[in-house]
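Given below, in the form of structure tokens, are the structures.
Each of the next two complexes has subunit A plus one other chain: subunit B in the first, subunit C in the second.
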Partner chain A sequence: MFDIFVIPFCLGVLALLVISVIKYYNWIKGFDRRQQMLVRKNILSWKFVPAIWEMIRECLLHWRITKHNVLLGYMHRSLAFGWFLLIAVGAVQAAVAFPGGHHLYMAIFFNYFEPRTPDMAHTHAMDTIATVMDVLLLYVFSGLSLAILKKLWSKPLGMKRTTRHNVTDRVAKFALWCIFPLRLLAEGATSAIYHNGGFLVAGLGSVMESIGLDNGILEYNLWLLYSLALGVFFTLMPFTRYMHIFTEVFLIYFRQLGLRDSDKKNGYTLFELSACSRCGICIDGCPINRELGVTDIQGVYLLQAIRNKDVLNKANDIANMCMVCGRCSTECPVGIDLEPIRRQVRNEQVSSIDHPDGYQYLKSVHHFNAVGRVAYFGGCMSHLTPGITEAMEKIFMAAGQSYWFMDKEGTMCCGRPLMQQGMVRQAEALRDLNKRVIKKSNATMLVTSCPICYQTFVKDYKLNIPVIHHSQYIDMLINEGRIKVKNGGQRVTYHDPCELGRGCGVYDEPRHVVASAANLVATEEEREKSLCCGYNLGNIHIDSEQQKLIRDAALRNLLAPNPDMIATACPMCKKAMTRGSDIPVSDIAEIVACNLVDS
Partner chain B sequence: MKKIAILGAGPAGIEAAAVLAANNCPVTLFEKGQQPLCNITDKAFLFPNFADADEVAAALRAKLDNPNITLRCNTEVTQLMPSFIAGFQEENLTGTPVWKVNEELYDVVLLATGYTPFDAHRKEELGYGIYAGVHTSLEMEKMIREKKIVNSVGENPKRVVFLQCVGSRDEKSGNHYCSKLCCVTAVKQAIEVKKLLPECETYVFYMDLRMWGQHFEEMYRTAQQDYGVTFVRGRISEAGGTFDDRVQIKAEDTLLGRPLKMTSDLLVLMVGMEASKGTRQLSEMCHICGEYGFAQSLDPHLNDCRTQGRGLFVAGSCKRPMTLTDAINDGRAAACEILTSL
Partner chain C sequence: MNKFGFKISTPRSIDLDNGDRRLYDELVATVPSYRYCIGCGGCTATCSAGQFTDFNIRKTHFLFSRRQYDKLSTELLPEADLNKCMLCGKCSLVCPRGVNTRGLIVEMRMLLNNK
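Here is the complex of A and B:
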């Protein structure tokens, strides 16, 4: 059976299929060598099991969004999972109804073709399936009405600000929103003539019949419109945000295979760009939005600008105006790692100012003299907060640990600030030298005081000795009984540094340390939700007044429980907070050093 | 008789009180400290003529000996607001109390709550409070006053380094302004150190030296020619401790374009001036708070002692960083303005 109105739908599906295959093929071809190797190595491994579980959890059930806001999660789930079930149950329905085989469009436009098929047996099972289909349609409608509510008033769905979309996205969204009401109306019109369908469709059918419409003409036009809406949506899909529906599946799979972003934009980045659903969840938490009211630089707009190839102007500005605090990445329901993508754009900008003579000075740094098994790296920022390095030296002495303060005299950068600015090659030069020095020292452990250094030592250096932050080291000393600390009795709130918390997932150890030397008081926004101190080296484009605004927001959160002191575990955060706080701001090492008990 | 309150018994407040008292206006002088002139009692000599600070302070204090002046020490003003009572109009200032100072009402209030030195702990990289050899300019002044300049182990220092612009002209500490008197103070203190310890090397690290006042340039020249003080253009980026409790300095000589390291017995931080806590709170309370917490006058040229509050006047370093000389003059000017307004 065939009818001319199915053509828009069929063309839409064909276009979607062809364009998607071409796009995905090109993107996969664009993987760099390491990524290709990982795909080849892991493609036949057990890793597809967690991948499939994650696909079900995130693409259909939208678990991460539900954790963000229950209602928002329900909205996405009802649309995605509801539509998925409509298609799946629809396929079953068609298979049962047409045992002799059928075309794809006959399943999609089932209610139109079913009554027109001669010798159709109305079994009990068919009635049940029709009822299930109507329930599913209602489920999708509940999500659709939430989506319309979100458009008008997004606050109940946990979003203060939503994304500003471009024209194609809006047209596709309109087509998507039309699909389900048109489907119901078309099915109702058919039911008015043939009395088929479940409770919802049949109910609507009897209403349409009773008000005396010309259901013959209406029916055909409605089915045509439904087919058109589907056709338009599917054709636009590869060019709009709705491409994330399929791309997220691929992204999850590749991520489970172990693929990560590299320094240059490549095929994997393109998968990430396309997997962004432009939901805008990244906007609300961003400190640049919250404190400075700048609402066009968040992750969603960065990815949009790169996708639109605005790289030369817009994407640059967007990529630069970011604290690199990582809040957006922890909140992204698709799990897109935004920092490396920003770095890629920044790298494109700075590659022109990269000249090899800049590394000459590294040759003069050679006065390293390693003593002791533990190497201690203070970092540039700790040298600007000597209270921290002094406290650490006191703690090493108290623990009877011989240590080598590797950057005491010849300070050398760990490379991460350069990385953050996209100066990947320069950072590598610094890393190589530091690596050589550490290797030569025969140290068996590296302790750092600065979370910025810690992050790069852990993630980029690939040292063959353990690297720990001083919060973890002090926690270890206390647990092993190598130092004894008394509780000083002060009420202390703890500020999670972005680089240590969201960057490296170290939340508990510093809290243990604070709790052993003082009374730790919880704050409203902490751990993953912790606020940026405003002075992150990741953004060298905001001015001091703007930094202050971001810092003050973080301070308000820390001062709300009326503590005696603010504790943090990052020299940068300490400096930032000290500039604006009336109460003392201390590093956890300083608090411990003050409360050491001789054993 | 109009009731006049002066908040702050510093140079500006005392001078204004003296002028008003001489014109038969009774004034009440509020001081939160135990004694008037807290900020100059621990000074040694004053630039540019090396006048004895004690003599100047004594002369100012003597002016308080007037039956028209009631001095209330240990009295912190925590409340200052216009008391808009019924029938109040600008022209009937006479007899109508309009400003509520703590629990009392005054016709005229002169805000002379002054400055506070920048807290050097906030520039942790300079090691104040961490290394024994790091001092502020105020502590150095005390040492000069006691004629006992010693390093952290109680010996005469062989080298003293002064660092300008600590907490002023510094975007990072949030103070973009120049504190005006640190440049010449460092020159003065370097000369004093040389006078007391001729063998001691003295260095002054500066961004640029602002020798704006009469005789200042001459002092600067003398410091170099006669006393051998070395001036280095560049800021000190960080200070560290050495095993013998001296201070190691990392800086850049921006004239030579080279980084340098230096070990010194003493590092003296020339701390800038910030609005005092009283200035900050009271000017906010009566809505005349300007930049950086300083009080704002109506116009810096023509109306520098009046404010937008009727009957509320300002004088001295509560408006902006000011030298002692400027503060005294400003107190006198404010008194004239008050007399005119009565």
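Here is the complex of A and C:
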């Protein structure tokens, strides 16, 4: 059985298959050596089990989107999972109806090719499957109507602003939206003639029959249109955002195998670029959008600009305007880590000045007076807020801990500010110098007061001693009973620094510390949803007035519960917020140092 | 012969009209807050690199605004060697005029490199 109308569909599937295979092959070939090694090492391990679970949870059930907004999750789930089930049940239906085997298109256009001998057409099994197919089609329609609602009014679906799509994306979306109504209409027309299908299709068929349409001609043309819609959608898929449907599956697998972004754009980055579904969830949280009204630099537009190579300059501008506060990455339902991708773009841009020979002078600066087992690294910013370093010294002494204040005389930067601007080689030079000093000191633990330093110490330094932030250190001292703290009775709200919270996942320890020395009050946007203080070193393009706008938004959130004091765990956040706040802003170390009890 | 305990200085007047405005204009276009600088030297006083060397951002700013780009080379003036900067950002935080010093340094390096 063959009919000429199936050709657009078949060509579409063929195009999709060939282009996808070529793309994926080239991307996998483009992995760097470390990534290839990880794939080879882990490909035969048990890691495929969590990968398959994550694929089902995210690609079909869209769990992370559901957590963002229930209705939005339902919309994506009904389209993805609903369509998946339609295909799966459709395959069963065709297998039952054609026991002798069949072509792919006969399953897709089943109602047209359905064998209509009396013994086949109305068996119990076939009736049940037809009913199930109609229920599934209704399920998809419910999602489709939500998608149309979202286009007109996105607020009920938890999105203030949605993505502005380019032309090819819009054409593909139109084709996708046409697929399901056309399918129902075509099945209805067939049912009007042959009286097959489930309750929905048969119902539509009897309506179409009763209003006296020429269903013979209508039927053929509707099936042709359905085939065309499928063909157009499948052909456009590899070039549009809908490539995410398959790419996300691969990305999840590779991520479970342990692959991460490298410094340069490579095959893994290409998987990430295509795995972005351009859902636009990253837009609403972005402080640059919320406070400055800049709506074209968010993650979705960055990935789109890099993917469409022709607008590389645009990608540069987009990458530069970001604060790198990490809010978008925590909200991304695909789990794309945007910071390394921005760094790759920035690195390309500044590669001409990224030479690390300027730091020779640092080789001779450190006088080793390392006496303590614990090395304390204040960081550049803590030197602007000496209250923090003084408080830390007081706490070290109260705990009877011998310590070595590594950068008391002068700070060697940790290198992360350079990393954020894409100067990877320069940052590496600073890392090497710092590592040498730390190694030579024979310290057994590194405590730092600056979350910026903490993040790079943990993620990039690969030191063989534990590195902890002072919030964790103080929490440890309190838990071990080495220092005693009284509750000062003040009402305090806590500001999560981007680098400590979203950057390193340290949310609880600073809260324990605050709660032991004061009364901690929760705020509306905290933890993963914490707002950037505006002075983040990730952006060198916004001016001080814009920084103030972002800071004021963070302050509004912190001041809403009418606290007596704002606590934070980052010298830079403290410095930024002190300037705009009427009530005192303190680091948690300072609060603890004020409330120490002599034991 | 000339042992008077002093010498005659060569004139150091700089005619801004003779300089090449191109780099300066480009810098102002990308970092507009550059013009707010009052030369207080706060950036230089707090500079992390300045604690270890005589690296001097203020001087660099001035040379750039006087279009004396040729002096901004490592050999002539080690204190204006922007490669020493660790980009830690203290200078931006202490600036009383809100100059985006950190951005300025990156842009100056880019401009001088592509000169």
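Everything that follows uses one rule, which is that the second predicted complex is superposed on the first by the 585 of 599 C-alpha atoms of A that agree within 3 Å, B and C clash if a C-alpha of one lies under 4 Å from a C-alpha of the other, contacts with A are read in each partner's own complex, and residues count from 1 in each chain.
Throughout what follows, a residue touches a chain if its C-beta (ideal position, glycine included) is under 8 Å from a C-beta of that chain, and two chains touch if they have at least 3 such contacts.
From a predicted model like this one, the values you see are computed outputs, not experimental measurements.
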Subunit B and subunit C placed together on subunit A: clash or fit? clash
First (subunit B), second (subunit C), both or neither: which does A:Lys439 touch? neither
Please indicate which partner A:His541 is in contact with in the superposed arrangement: first for subunit B, second for subunit C, both, or neither. second
Per the contact definition in the header, classify A:Cys413: touching subunit B only (first), subunit C only (second), both, or neither. second
So in the superposed three-chain picture, is A:Leu384 touching just subunit B, just subunit C, both, or none of them (first/second/both/neither)? both
* **Partner chain(s) touched by A:Lys575 [first = subunit B, second = subunit C, both, neither]** => both
Between subunit B and subunit C, the one with more contact residues on subunit A is chain C
Ask   = Which holds for A:Lys264: it touches subunit B only (first), subunit C only (second), both, or neither?
value = neither
Subunit A contact set shared between subunit B and subunit C covers 383-384, 544, 575
In the complex, subunit A touches subunit B at residues 383-387, 390, 544, 548, 574-575, 578-580
Residue set of subunit C touching subunit A in the complex reads 32-33, 46, 48-49, 51-53, 81-90, 93-94, 98, 100, 102-103, 106, 109-110, 113-114
Contacts from subunit B onto subunit A in the complex sit at residues 121-122, 124-125, 127, 130-131, 171-174, 237-241
Contacts from subunit A onto subunit C in the complex sit at residues 350, 352-353, 355, 357-359, 361-362, 365, 380-381, 383-384, 409-413, 415, 417-418, 421, 423, 426, 430, 535, 537, 540-545, 572, 575-576
